[in-house]
Amino acid sequence: MTGEEIVLAVSRIEERAKPREKCAMPAVTVPVESLAVFMRAIHDDPALSFDMLCTHTAVDWLGENRFELLYVLCSLKHGHYLTVSTSVPRDKPEVSSVSSIWRIAEWQEREVYDLMGVLYSGHPDLRRMFLEDDWNGFPLRKDYKDDFMLELPE
Amino acid sequence: MGLVTNNLPAILDRLPGGGFCVTSIDGIINWSRANSLWPLTFGTSCCAIEVMMAAGASRHDLARFGAEVARPSPRQADLLVVAGTVVKRLAPRLKTLYEQMAEPRYVIATGSCAISGGPFIYNSYSTVRGADQIIPVDVYVPGCPPRPEAFLYGLLTLQKLIKAGESIRRPYIRRKPVLAALPSGMTADQIRAELAVLLQRDSTVDLSGEYAQNMQAGGSKQ
Amino acid sequence: MTIRPITLADRIAAGQKVESLLSTQEYFVNMGPQHPSTHGVLRLLVRLDGETVREVIPVVGYVHRGIEKMGEYLTYRKFIHLSDRLDYLSAITNNWVVAMAVEKAAGIEINDRIQTIRTLCAELQRIQSHQLWWGVFGMDLGAFTAFLYGFRDREVVTDIFEETTGARLTMNYIQPGGVMFDIHPDFVKNVKKFLAYFKPKLEEYETLVSGNVIVQARLRGVGILSPGAAVSIGTTGPVLRASGVAHDLRKSEAYGVYGKVQFDIPVGVKGDCWDRYWVRIEEMRQSIRIIEQLIDSIPEGKHMTIKPTAKIKLPEGLYYNQMETARGILGALIVSDGGEKPYRIHLRSPNFNNLWSVTAMAPGLRIADLVAILSSIDVVVPDIDR
Amino acid sequence: MTNAIGTTLWQVKTLADRTTGAMPDSPWLAIGYILLGVVAVGALVAGLGLVLIYAERKIAAHFQCRLGPMRVGWHGIFQTVADTLKLLLKEDVIPERADKLLHLMAPFLSLLATVMVLVVIPYSPVLQIADVNIGVLYVSAVGGFGILGILVAGWSSNNKWSMLGAMRAGAQIISYEISVTIALLTVVLFAGTLQLSQIVLSQAEGWWIWRAHGIGLVAFLIFLIASVAEINRTPFDIAEGESELTGGFHTEYSGMRFAFFFLSEFVNMFVAAAVTATLFLGGWMPFHIGSFQAFNSIMDLIPPAIWFAGKTGFLIFVIMWFRWTFPRMRVDQLMKLEWKILLPIGLVNLAAASIAVLFNLYFFPRH
């Protein structure tokens, strides 16, 4: 399937899914409420069958007061890719976990929680991953301040 | 350390010729320590490949200096090579490792990361800026990562340092840490030739004479 | 009613799974952060029942340097320096991933010479990485000699790299728009010399380690990773291929000049440690094949298509590029706001995903098997932690 | 003195014999002999440590395309001296929660067991400290005693890795002791004696390894494999297992105490090689073929002590060769090898040996 066909097929599953703008590869934006159902559907759909979660990360759009969560999905069966994007507000960053669909999501979500502070409901073991448990703040947020960090002199 | 090193100097020094004896014993003890530096198998990142693995492997062969007996247990190791970045989370563990080692223990910090934080110094929230913020370091070996030859040079420097350093009169006295940097502007072939000359003469490196001259010569060429 | 102790028969009758007549206690041990077979500062929290592993909990972060945060403050060109230090055994491929992502986004054209050099270097790097893995694998199984044989041959490749790139390990060779330097005049000659030297050595590897009865007993049927679990955990590279999934970006995306060369993807059958071992040995053979096809026909051309000092700005947007390193798929996800520096850069590291396959493989096996499994998935810790 | 078929009979005279002989005439000479024995064993242990460790490092290095120690003395010949001195003067760490007494005792127990075996080994007809009439039993009993040191070390260190290593070692040595004993019994059957010097003398017509139609060879192989397992060397070094258990039972030991474990490992290796040589390769007995007098007398030109050193040295080299070639076995495979392979073969071999002895089915029987 080509990129347009995937986006079309996906929007048939979830009508609120819209193509994400400014993206070099096929990408859709879905509302955060329907993420878990949507992911399950495109994982199980035989024509799409996104069986591998390549990577999952978050982008902090400080100006727009939201986190954008990005899921790069891949189908080894059909050899196509799709990026799923969803947004959560910065002051209430909660999203349902997809770790029941792809096992690796458990650890990738832990990483995002650790560095970005996004909370995943339904996650089996949401702990810090890279940083110590007593770390203050989430360092990949754009407004993260730390006495320890040195600014690179220009 | 025990009986010999604690009580012997006080008894011997008073006897005629005792001072000479103590000095000779010192020499022998330091000789044995310098020539038997067993490293701890420990490495955090890139430097571990060059310094712990490649330096110990066939071509560079750390065994020539008696330092190939890598001990996985810190109790039996003499030399802690901090090979790679130290981050905040590792810092307490590194300190524990150092404390678990039995005296006398030596530390070589290899690579920019272990010296100062290196490429990860700015805008990193977790990189510790140098292993010496956590544990005392004896020799710094610069490079990112240092060549195995540079590490050998660092090891020879440490041997030199040990031979000139602690004595049983004053155990645990440390000299200031040394930067074992090969002169700048050298090619790999020159480094090998230089090391070969040094190795042929003795197992030690004269830091004051030879090294300073080379530095000047290297500096004036540029 | 008489009270009597619960016997084995009672427990069997009650449908309980009875493994031992003695009452035993499970206990935890820490493998790492300083342990000879965790290859760096990885820590595995292992729940043991005697010798048997019940559960493995990897604890990572002991060399988490915050590279992604640093990337937000560095230009794309500068960020490539840091990408070397992730998976330092695949430095060339790491550079290439970021460089290619930038090239794709900025629309920088690359000529055939650059593509061929990049492909050649990437394959040499793959051989080099697998040599090191083979040596360390032997060492973890207890055959120390393998380690030195692996390194002896690795030094030859290192010399070739040093000649061309100026560095032994962290090369920082591939830049957006080309490669840092043109290849050394002796490059072709030395690569051919290396191939002639290494082919018999590869057979020696087989005699020394592969054919050994103890190695076979230690690896066959140990640490089986089913294809379903391998995909769900998102393993890539030799680990995924050993489980029987023939997924190789060099074939499916054919970046560089992989489209022009003939090579096979070695695929395992059972997904055990032996398959992972075999897949890597076979990959070295395939890499030799690729290099042999390319080495005589490096096209003429410039080694850099843009000025090395040119400012690189990516148009606003989201870019993702991935590539097959020696350990699996490395992806670079760049979010640009139109400036010289990325707004957010994320690296999908192969080792991060591969590591978690231990949790699926190890339970029920022995400690020695855990060491073999960990070695067979060949993790590089700084790449996990980033 | 010659026997019926004309071979020279060797006059065995041990240090213990000399002591008892000298006792009625001059007690001081007897005491001198005893002191000589003590000094000799001490010197042997120290010398073996120095030579074998250096040899191991050099041999390993040359197996691995490198040079090994080079800088301390000519070709690094004083490397072990430097190592020993350093280890002796290194801080002796005792973990706080350790069982202090046992922790201090363990290395000595380990070394003691090996040193006690050194006493009965016949190095040459005149170089033997004591010739116990139940020598074989003594070797097997005292040799098995060495495990106590390892178990105590593992237990007292209060470290899980040490404990695991000790438990592995315990299981391993108890299992392999059976095979060792069965292989020993095979030779005892042929020689008809438990005395080590008599076993050597019984090989005057030929070594047991080739005199018994393969029975000796099988017993030799079983004995060699089981001995390597008993002394915890690769491929059976699961008790230390550096890449698995960091250091196994000696993880918590430092300085001199670690040196003792290190030393006892190498002396153990010598003991295993020496006992194997004594039982199967004739010990100090030169290579004889039955009553082939001309050949035998040529062989007799080489002194017995050299024969012994050569055979033992060769076996030590083979054991080192194992170490630098084979990977380590897993603990369950180790048990399987013993209980399912070596033990049945050993038992069948023992039965075959008794038949061979009963019907004189071996070369050059005495009766």
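For clarity, chains are labelled A, B, C and D in written order, and residue numbers in each chain start from 1.
Here is the rule we use: a contact is a pair of C-beta atoms (placed from the backbone, for glycine too) under 8 Å apart; a residue touches a chain by one contact, two chains touch by 3 or more.
Small disclaimer: the values here were computed from a predicted structure and weren't measured.
Novice: Centre of all protein Cα atoms: which chain's centre is nearest to it?
Specialist: C
Novice: Using Cα averages as centroids, what's the distance between chain C and chain D in whole Å?
Specialist: 45
Novice: Could you state the distance in Å from the CA-based centre of chain A to that of chain D?
Specialist: 64
Novice: What is the distance, in whole Å, between the centres of chain A and chain C, each centre taken as the mean of its C-alpha atoms?
Specialist: Inter-chain centre distance comes to 24 Å.
Novice: Which whole number of Å gives the spacing of the CA centres of chain B and chain D?
Specialist: About 39 Å, centre to centre.
Novice: Can you pull out the residues of chain C that are in contact with at least two other chains?
Specialist: If we look for residues of chain C contacting two or more partner chains, we find 35-36, 61, 64, 66, 69, 73-74, 148-149, 152.
Novice: Among all residues of chain D, which ones touch two or more of the remaining chains?
Specialist: 64-66, 242-243, 246
Novice: Using the touch definition from the top, which residues of chain B touch two or more other chains?
Specialist: 57-59, 72, 89, 122-126
Novice: Between which chains does touch occur?
Specialist: All touching pairs, sorted by chain label, are A-B, A-C, B-C, B-D, C-D.
Novice: For a test of understanding, state which residues of chain B touch chain A in their complex under the given definition.
Specialist: Against chain A, chain B makes touches at 88-89, 121-126.
Novice: Can you list the residues on chain C that touch chain B in the complex?
Specialist: 33-36, 40-41, 61-67, 69-70, 72-74, 81-82, 84-85, 88-89, 132, 135-136, 147-149, 151-152, 154-155, 158, 162, 168-170, 381-382
Novice: Flag every residue of chain A that touches chain B in the complex, lowest number first.
Specialist: It is residues 130-132, 139, 144, 146, 148-152 of chain A that touch chain B.
Novice: Under the stated contact criterion, what part of chain C meets chain A in this complex?
Specialist: Chain C residues touching chain A: 60-61, 64, 66, 68-69, 73-74, 104-105, 229, 231-234, 245, 247, 252, 315-320, 322, 329, 331, 333, 335, 343-344, 346, 348, 352-353, 356, 360, 385.
Novice: Please give the residue numbers of chain B that touch chain C in the complex, ascending.
Specialist: 40-46, 48-50, 53-54, 57-59, 72, 74, 84-85, 87, 89-90, 93, 97, 119-120, 122-127, 144-145, 147, 188
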